[in-house]
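In what follows, a structure is listed as structure tokens, so that the remarks can point back to it.
Should a chain be cited, it is by its letter among A, B, C and D, assigned in written order, with residues numbered from 1 in that chain.
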Amino acid sequence: MTNITVLLLSLLIPILLVIVVLFVLRKVSNKTKNFWTLKHLSIGITAYIAVGLFALLYLSFFGDSSIQVLSKSELKKIEKNIESIQKYDQEYNSSFLTDNYKKKTWETDFLGGALPVIINNADSNLNIRHLNNDNIPAGKVLVTYYQFPAIIDGIDISDKISLPNVYMSQNQLWIEALSRNEVNFHRIKASLGILDFNRKVDLDDDYPSTIFYLSSNFIVIETPRGTDIEDSQGVIQYLR
Amino acid sequence: MHIHLDSTTPIYIQIAEWLQHEIIANRLQADEKVYSQYQLAELFNINPATAGKGLTILLEEQLLYKKRGLGMFVATDAKDRILLKRRSEILTKMAQEIVLEAQRLLVSDEELLALIQKTQEELK
Amino acid sequence: MQSLTNMSFKTIVKKQVKWKAKLYSSALSSLIILQVIFGALLFSSGSASSGHGRGNLNVQFSIYSLDMFLIISALWAFIIAILFTTKSYRIDDLSIISSRTSSAIANILVLILYSFIAVLIMLASYYIQIFGLSLMEKDSLIIDKLIITPSIFIVCISSICLFGAIGLLFGYCFQGPSIIKISSIVLLAIVIISPIIFPDFVNLQPFIQLPDLLLSGFYVIVSILCFTLCIWIADKSEVSRK
Amino acid sequence: MNVIQCEKLSKKFGRLHALQDVTCTINGEKIIGVIGRNGAGKSTLLTIIAGFLKPTNGSCKVFNENSFNNIQTAANTILIDDRLSFSDYLSLEEILKMGADFYPNWQSELAYRLLHYANIDLSAKHQQLSKGQMATFNLVYGLVSRCALTILDEPMNGMDEAIRTDFYRAILKEYIAFPRTILIASHHLQEMESILEEILLINEGTVVTHVSVDELKEQLIALSGPSEMIESLLSDIDVYAHQIVAGVSTAIVDASKLFITEEMLRTKGITKSALTASEICRYLTNNKGSDIDAIFD
């Protein structure tokens, strides 16, 4: 019942709007009839269609958007990659941390043999890992942010995820995920959404266009061997 | 002569009379082609069928004759016969009317005759 | 007896279509205005949107599809088809060689032609909207599919045509003989009331899931049915000039 | 072939009997006046002939085919009345072009000349014309289409005196140039009487008489004379109207039923005079014996 009501309402409102607009147009056209000849009308209509055609031509030649929709094969490749990242991460193997995914590095000094880490992560899914690095001199800490692919509806949104804030204060390492941010995309789909939506349920299920590994963004804290990490919140995992 | 569209005399009779008048007045000579019904219709702004009827009257009285494919022509003796007929028919009728009107107006016979003679003198 | 003019029915219908297509073009301009209005209203939001929340990131997709333009065009077709049968349009047919049958057939052909042009106008509106969007929102524009597929094109034509056919039938019912008028009102009442009483009875899901061409085929068949009824009613109708 | 053949034609609008048992035949290319008073059923008959309305009973055949919704009738018939309308988007010139496209016998040149003569601007729109101009344009449209059956329903409504006279002549000339059947319905019999060949007189949905104009004129005569003489004469014949002014009676009677010689009339002091066609139509469609004076008595 409610479904039908919603459907009826959603149809009724455009119907009313269309009727109102047509009614107003008829009233107006009664006044403009005398100088709107058939020739003007047909020229107007043809011109409108021509403008539409030019818009299409412009869009198809110059309208390349910076954001690409990933093809199925690309999606498959990324899915495989992410699976391997997940696997290595679960094995605490650091080999998935390649330079490809490195986004930002912070280098700071600290005093003493232990580094207290305070993570202000709120509700974000920031993953924090610790790694011992022999190449770092004592008293230094290297914090690196890695962003792994995050795909929603075939779009790689990893660039849109904002970086965390990392800083030293009162000899403590603060890691703050930025507060919520919103990204808006305008997607052009020259087809009928009603049909696509209803058909997707059955036909398009075996190809997930959304791949979003929960741990798609990593903060890796690298310290010289022997440095203690004081993690009072217990969210840091240790990699080999 | 005029055709009176609103008069009580049928138009086709008026047409026939007009043609006779034209013959008497020598505007239509013997053996000359007369107006076709369409010419008459345009001339007097009347229906061609009505004009045709007027012509038919004259044809029946043999004042006109028909040449197949060429139209109607004035009979050779048309003028004489019209004059003869007018004298007998029209003049008699007119005389009748004059006499009746004179009776109504209480004009005596002598007065009427005098009037006719006087009119004759004047129009000579 | 002068010879009578012998014009074939086909020639007369052809001439009528030629003139009606020209004369009714103000209907097409009203479609353009409608679409510009709705295109402007939906400029920032698109026909549909979907949101995804992941961690502290909220991703919002505004989807610009043809849906709204198609719905507007279909409603427009419905209304102008009714208008085609109203007095002001109907009387004009009496000034030229026409019978009710020929003018009904001509109206139908014009409607089909206009459905085609309406799809072109609809696509023009769509691409103009996207063109505007591409200038204003260059960084967040994602082109999934720019060119319409032929099968969707056919679905659009057939659905506009279907709505037009229903509108035309509607209009003809109301100017037909009184028996048809009354029975059509009863039928209409049933059609409106039945989904409210038996909501489960009306299930459009299976129809929508048909492949495009089958769906258009179904629309075309219903349209033809409506058109046939229109011609049948027009054949029986008297001219009412009141 | 009959142009129009109506057989026991009846038309009801709800309870109203617009036409009852109309039987008439029209053949040949004639100009026929359809005369009748307001609401007599003239327009209904003409619209049935044009195929717009369906007879409730009986049949109406035009060119040997049922006229209702018949494309062949439509191709050879044109009905001109004050409800003739054209699309608001067409100028008069474009309307003429449209007419030329549809009607094979169309006379473009003539249309331009007639409209020029009537001072009608071709770039105007139909709905902008004044009442008289619109009537003139419609009449021109009907004439230049040269349909085998041209029906003019009150074609001169709203035109001024001068243009009426001109256009009666235009009808006649067009008829002579291209003979066809022309039906003209009008209240103004007087002014078009001369161009008519026949008259179809309609009253209260039935055909009163269908004769040639000349025969119509012979149907009724007026007798006037001393009252007592007229009274004695009227006892056994139909009287259409009877008026007494200062002892002199005038009676309108059916000429075919008056079996009395002119001699007899004259001796009784009665004069016989003919009536105009329009007077005869008026008397024939009056309820017998009644007139407006009776209302005030």
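Operating definition for what follows: contacts are C-beta pairs under 8 Å (C-beta built on N, C-alpha and C of every residue); 3 or more make two chains touch, one makes a residue touch a chain.
Since we're looking at a predicted model, the values are computed, not measured.
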Handout entry: Contact-graph distance - origin subunit B, target subunit C
Key = 2
Practice task
Please find which chain has its CA centre nearest to the centre of all protein CA atoms in view.
Solution key: C
Practice task
Could you let me know which interface, C-D or A-D, is made of more C-beta pairs in contact?
Solution key: C-D
Practice task
Quick one: report the Å distance separating subunit A from subunit D, using the average Cα coordinate of each chain.
Solution key: 84
Problem - Whole-Å gap separating subunit A and subunit B, where each centre is the average of the chain's CA atoms - result: 111
Completion exercise
Whole-Å distance, C-alpha centre of subunit C to that of subunit D, is 46
Practice task
Express in whole angstrom the distance between the two chain centres, defined as the mean CA positions of subunit B and subunit D.
Solution key: 31
Completion exercise
Contacts with two or more other chains occur in subunit B at residues none
Handout entry: subunit A: positions in contact with at least two other chains
Key = 36, 38, 41
Practice task
Give the residues of subunit D that touch two or more other chains, as numbers and ranges in rising order.
Solution key: 89-90
Handout entry: Arrangement of touching chains [line / ring / star / complete / other]
Key = other
Handout entry: Touching pairs - complete list by chain label
Key = A-C, A-D, B-D, C-D
Handout entry: Touch list for subunit C against partner subunit A, complex
Key = 22-23, 25-26, 28-30, 32-34, 37-38, 46-48, 50, 52, 54-68, 70-72, 75-76, 79, 117, 120-121, 123-128, 130-131, 133-134, 137-149, 152, 155-156, 195-196, 199, 202, 205, 208-209, 212, 215
Completion exercise
As the complex stands, subunit A meets subunit C at residues 1, 3-4, 11, 14-15, 17-19, 21-22, 25, 29, 36, 38, 41-42, 44-45, 48-49, 51-53, 55-56, 58-60, 63-67, 69, 122-126, 150, 152-155, 157, 160-162, 177-199, 202, 210, 212, 217
Handout entry: Residue ranges of subunit C touching subunit D (in the complex, touch as defined)
Key = 1-2, 4-7, 9, 12, 15, 18-19, 23, 25-26, 88, 91-92, 94-102, 235, 237-239, 241
Problem - Touching residues (chain side subunit D, partner subunit C) in the complex - result: 1, 28-29, 47, 51-54, 63, 69-76, 79, 83-87, 89-90, 98-99, 101-105, 141, 147-148, 178-180
Problem - List of subunit B residues in touch with subunit D within their complex - result: 5-6, 8-12, 38, 41-42, 44-50, 53, 100
